[in-house]
Amino acid sequence: MNQYIKFNPSKRYDLILLGRVAVDFNPTDYNCPLSQSTTFKKYLGGSPANIAVGLARLGKKCGFFARISDDELGTFVEDFFIHEGIDTSHIKRCTNGEKIGLTFTEIRSATESSILMYRNEAADLKLDVSDIDEDYLSQTKALLISGTALCESPSREAALKALLIAKRMEIPVIFDIDYRAYNWKNEDEIAVYYSLVASKADIILGSREEFDLTERLLDLNGTDSNSAAYWQKQGASIVVIKHGKEGSVAYTNDGQQYRIKPFPVKLLKSFGGGDGYASAFLYGLMEGWDIMDALEFGSASAAMLVASHACSQDMPTVREVNEFIAKEKAEYGEMVARG
Amino acid sequence: MNQYIKFNPSKRYDLILLGRVAVDFNPTDYNCPLSQSTTFKKYLGGSPANIAVGLARLGKKCGFFARISDDELGTFVEDFFIHEGIDTSHIKRCTNGEKIGLTFTEIRSATESSILMYRNEAADLKLDVSDIDEDYLSQTKALLISGTALCESPSREAALKALLIAKRMEIPVIFDIDYRAYNWKNEDEIAVYYSLVASKADIILGSREEFDLTERLLDLNGTDSNSAAYWQKQGASIVVIKHGKEGSVAYTNDGQQYRIKPFPVKLLKSFGGGDGYASAFLYGLMEGWDIMDALEFGSASAAMLVASHACSQDMPTVREVNEFIAKEKAEYGEMVARG
Amino acid sequence: MNQYIKFNPSKRYDLILLGRVAVDFNPTDYNCPLSQSTTFKKYLGGSPANIAVGLARLGKKCGFFARISDDELGTFVEDFFIHEGIDTSHIKRCTNGEKIGLTFTEIRSATESSILMYRNEAADLKLDVSDIDEDYLSQTKALLISGTALCESPSREAALKALLIAKRMEIPVIFDIDYRAYNWKNEDEIAVYYSLVASKADIILGSREEFDLTERLLDLNGTDSNSAAYWQKQGASIVVIKHGKEGSVAYTNDGQQYRIKPFPVKLLKSFGGGDGYASAFLYGLMEGWDIMDALEFGSASAAMLVASHACSQDMPTVREVNEFIAKEKAEYGEMVARG
Amino acid sequence: MNQYIKFNPSKRYDLILLGRVAVDFNPTDYNCPLSQSTTFKKYLGGSPANIAVGLARLGKKCGFFARISDDELGTFVEDFFIHEGIDTSHIKRCTNGEKIGLTFTEIRSATESSILMYRNEAADLKLDVSDIDEDYLSQTKALLISGTALCESPSREAALKALLIAKRMEIPVIFDIDYRAYNWKNEDEIAVYYSLVASKADIILGSREEFDLTERLLDLNGTDSNSAAYWQKQGASIVVIKHGKEGSVAYTNDGQQYRIKPFPVKLLKSFGGGDGYASAFLYGLMEGWDIMDALEFGSASAAMLVASHACSQDMPTVREVNEFIAKEKAEYGEMVARG
């Protein structure tokens, strides 16, 4: 076991995630504006949903706090979760016509992607404080809160309630900042809620831009080392800051830092990598690996995802990640990502 | 010219429509629940949008009062309209993140279809009284109001404003009831607004169920002849009541009635027919045809639509409808639909 | 009985009113800005509520469709109505914390009054279509709709439902335009709903400004005679247009017009007169008086109201109005108001 | 100076308060249900507004973050503040018709009081993150946050932003829990926000019931000593827990506790005491008094308030409090409140 976070081995679930479950529509005729794409493939989506599928494919047992729509798209995501072995006992249907969030992806080229989200009256944002079951929460080794759940009430209060209870129960909290501009009202609001949650998290994952949003009211100077130091002073054990193509850095609360780079692959699209990274990195931590090994595993999964059409559906198994790493190292050298 | 409605030939537009423009996603792997369909084709949709395309394909010049989203799906529908020769000068983009309505169609079998609509904060329902340009309205031979535009404010008031101005300008008003349960709050509300508009319309089109909703507070007895008599007393010239597979009846204000039946075709889906029917029937009226000829033309277009995958995109030209009628009559006899 | 409106004598209620019941706070230390007034008297208020009290004081039996708050101020208005003999069986309490509307009156001088209204989430605007009891409505000789009830849903639809049912039952409808800027979104919306209701009313009461708002989309020329002619063509029997200190005119659908002037009195405040006028004029009509006699009676009540501190509480009895008229005529001559 | 909190003497304001400014209407004909009271006196109200007036009367310089209505009642409260010497530079007018909150007090007897609040679309709850001026905040010795400001967005986020900035600037934060049921959606929501703010406050003031609401998700056992220990561990220096007629206890973070009792007075009403208590207790702290002396001063002001008709308007000066204490001690003995 890694020395930074203690995961209680007696718990039933490896991870319970809180946040959105959504549906992605990715065009099969891409390399053009979305308005011109005519045919779309439907996939389970939503960052924490993808991470859950990623961890399930890696052999971990996940649970989920979520609200989905009471329609065929809700049935689709629930069936998909069940098929992947994810516990759906705390995924509830909305009852007032709220719809599951949609993401239409526009792939103009391998490096120019954008998304068009349907998030008005989104089902996931109706997660309610009454949905947060203390008994269920007590059965997990860790809780992951997706920052998107904080963007609107009542999901915001449900996430904060889960956070407070997890802290009281001494369950490690992972905060995946996962910034999406939709639904947020202003940047101060983002900073208020991100920083409140970050100040109580054990692991924080985010891009440099996401840390900047989080620290807006804090007068830090925007360097990774200052960010890490600040949040570790608040209680965080591991702070991971991502810099896209430049790679990412993990800061641990013993003053160490670990750098990882992307594996070289032919990109199909420029999204989905983050969820592969998070699920495989967390897998490594849960397995008690060294931070560097966990980071490399995460970076490999990320590379595999940006080279494939789906996010959730293309999450790799442990064997597949290992084969990918072996192949890359054979081609580019042992230090391809660690260099 | 038919004797029931006078269309002023000096006007620039044959028809201005008011109501929703939407996007349809129809599965290409159908005959299963929507949750299991994996691939979808994207089409322009929305009943009045389909009617506009239908009339444009038949050679008529249409305009439109609508609000669409300020994103790539909005661009898609605007481009499609422009390509069809429909005037888009009064189709505006929403500015507060409202999204264009979506319709996912579920085709379980040729006769079991259903739809899943995304209509929360739908762009079309943001049509505003300030969008109703009197000068534009003065340039049309007729105004078509889709009943769905009445389901919520501010679109409701925009439709009522257009109605009042059209009446003042003596422009014939066509009321296509087009009932969609989404967004309506209760049946009394439906009856209030449908009956207010129907009482001022020159042509009313609807199914028997739609007339029942309209007449809920009026204590009529639910027969077609009573409906027709009541609305004609209020001022309607033509009342068309549809009975699905049983065909439909047009009542004219000279006491005549005309019955038409569906043409026999192999169904692919059970929707889309109504918009083909409306566009082709109105085309016949505008051409000054006898009511029976207009009805037969409408019924032929309806049959062609339910046998094809799209709604808008598969709207036929005059030659195609005529060829279809000729082929059907050759196979089933001259009175196949008029019998 | 007057020849313009038939009131069915077999009905239990003389008038059922639909609209707001509110609470007025009138300062006792006035002739200063409201910010400086320190002490306030509490009265039942709201235009249709005042009219109901006015008619009750004159001996008529009234009923009411309304929603009030579920608190002590709701209890106050209900108790007041019961004490005046007004039927409260269809006045319901709101259940979601909506509050009864408040009106703080500012009396800067006898001629400069203004009001500060509390109308956010006002109880009266929660009147619902389900509150409109057909059986109750069938028991009245006439229905009065206050235009303020049209300013927002769901009260708007409740008023329209009552209108449609009253028309079906051939119950005379009195439309008191009663314009209050609060809650209305724009002038087109006002024109849409006012004109829809006015086009189905038997008696319309309003100031010149209120008729202008009603006719905004109709391209009339803003003269009283044009207004009267237009609405009488739509079906109205009596159209009363008020011009403040200049007096008012009643147009009847036999082409007659009747003019009345205010009685000279020492004003205390510049509001409340309209409700006295309406109740006393309607009383005269219901008694079958000549239009001129009804107008004089209305004008007398109006004069009494603007000279007193309250609206509802100071509504006069028949004897009091007659004494007032006699006294005025003794002082100023028989034609004081009819001149 | 007391040893628990350091107030920076170089700052311009003694205290900036954040929360509601409201208007109270207290009946002059009381000892009856509110529905029967006919005459009302108008006063400035709202807990933090009363505290500001209290401190101003005691000679302290206060500022305020608030939103008020853009009408005569807004003018009234602003004029009142200016007259008391309170800085109003950061009190802004609402622009969308929001109204200042109202409180009608019902005084059934000296011990049975209740309040009827108008808080729908209340101006104070529109306080926005953009209203929180860092420069202004930097000029105060302390910040007081009223818990009512947390009940709804956007006021909630404005309060949280002020809290985070004050902490960053090392300005002591006073959290006056001030629970009002209005606007809160559920008890979990209350617990989430109260506990987030309490965990960062230097001084917490509340009744036992208010601490129970705050601690609902924390699994404490509801005793004062546990509450004090928990919040002091989070960082609080002084925790004051009130028990109504039983008096109150102040726990300091050096493990001391101080008990005070109410002074015996003839009650007129059962509210208003808390704001007198808070203002006079904080005055004592700011003066550097011993905790017991500050508590006694607070208890004296509380006693004076419950014996008078207004809250704000009857706040005492230092001399008046001292005279009251001297008189009480002369009559009941030196230890009358400290016993």
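Things worth noting here:
Each chain carries a letter (A, B, C and D) given by its place in the written order, and its residues are counted from 1.
Here is the rule we use: a contact is a pair of C-beta atoms (placed from the backbone, for glycine too) under 8 Å apart; a residue touches a chain by one contact, two chains touch by 3 or more.
Computed from a prediction, not measured in an experiment: that's the story for all the values here.
Shared contacts of chain B and chain C, meaning chains that touch the two of them, come down to nothing at all. Computed from the mean C-alpha positions, the centre of chain A lies at a distance of 44 Å from the centre of chain B. Averaged C-alpha coordinates put the centre of chain A at 61 Å from the centre of chain C. In chain A, no residue touches two or more other chains. Viewed as a network of touching protein chains, the structure reduces to one closed ring of chains, two contacts apiece. The chain pairs satisfying the stated touch condition come to A-B, A-D, B-C, C-D.
Within the complex formed with chain D, the chain A residues making contact are 129-130, 132, 153-154, 157, 160-161, 164-165, 168, 185-186, 188-189, 191-192, 195-196, 217-219.
For chain C in complex with chain D, the residues that touch the partner chain are 25, 28, 33-42, 71-73, 75-76, 79, 97-99, 102, 104, 106, 116, 118, 120-121, 182.
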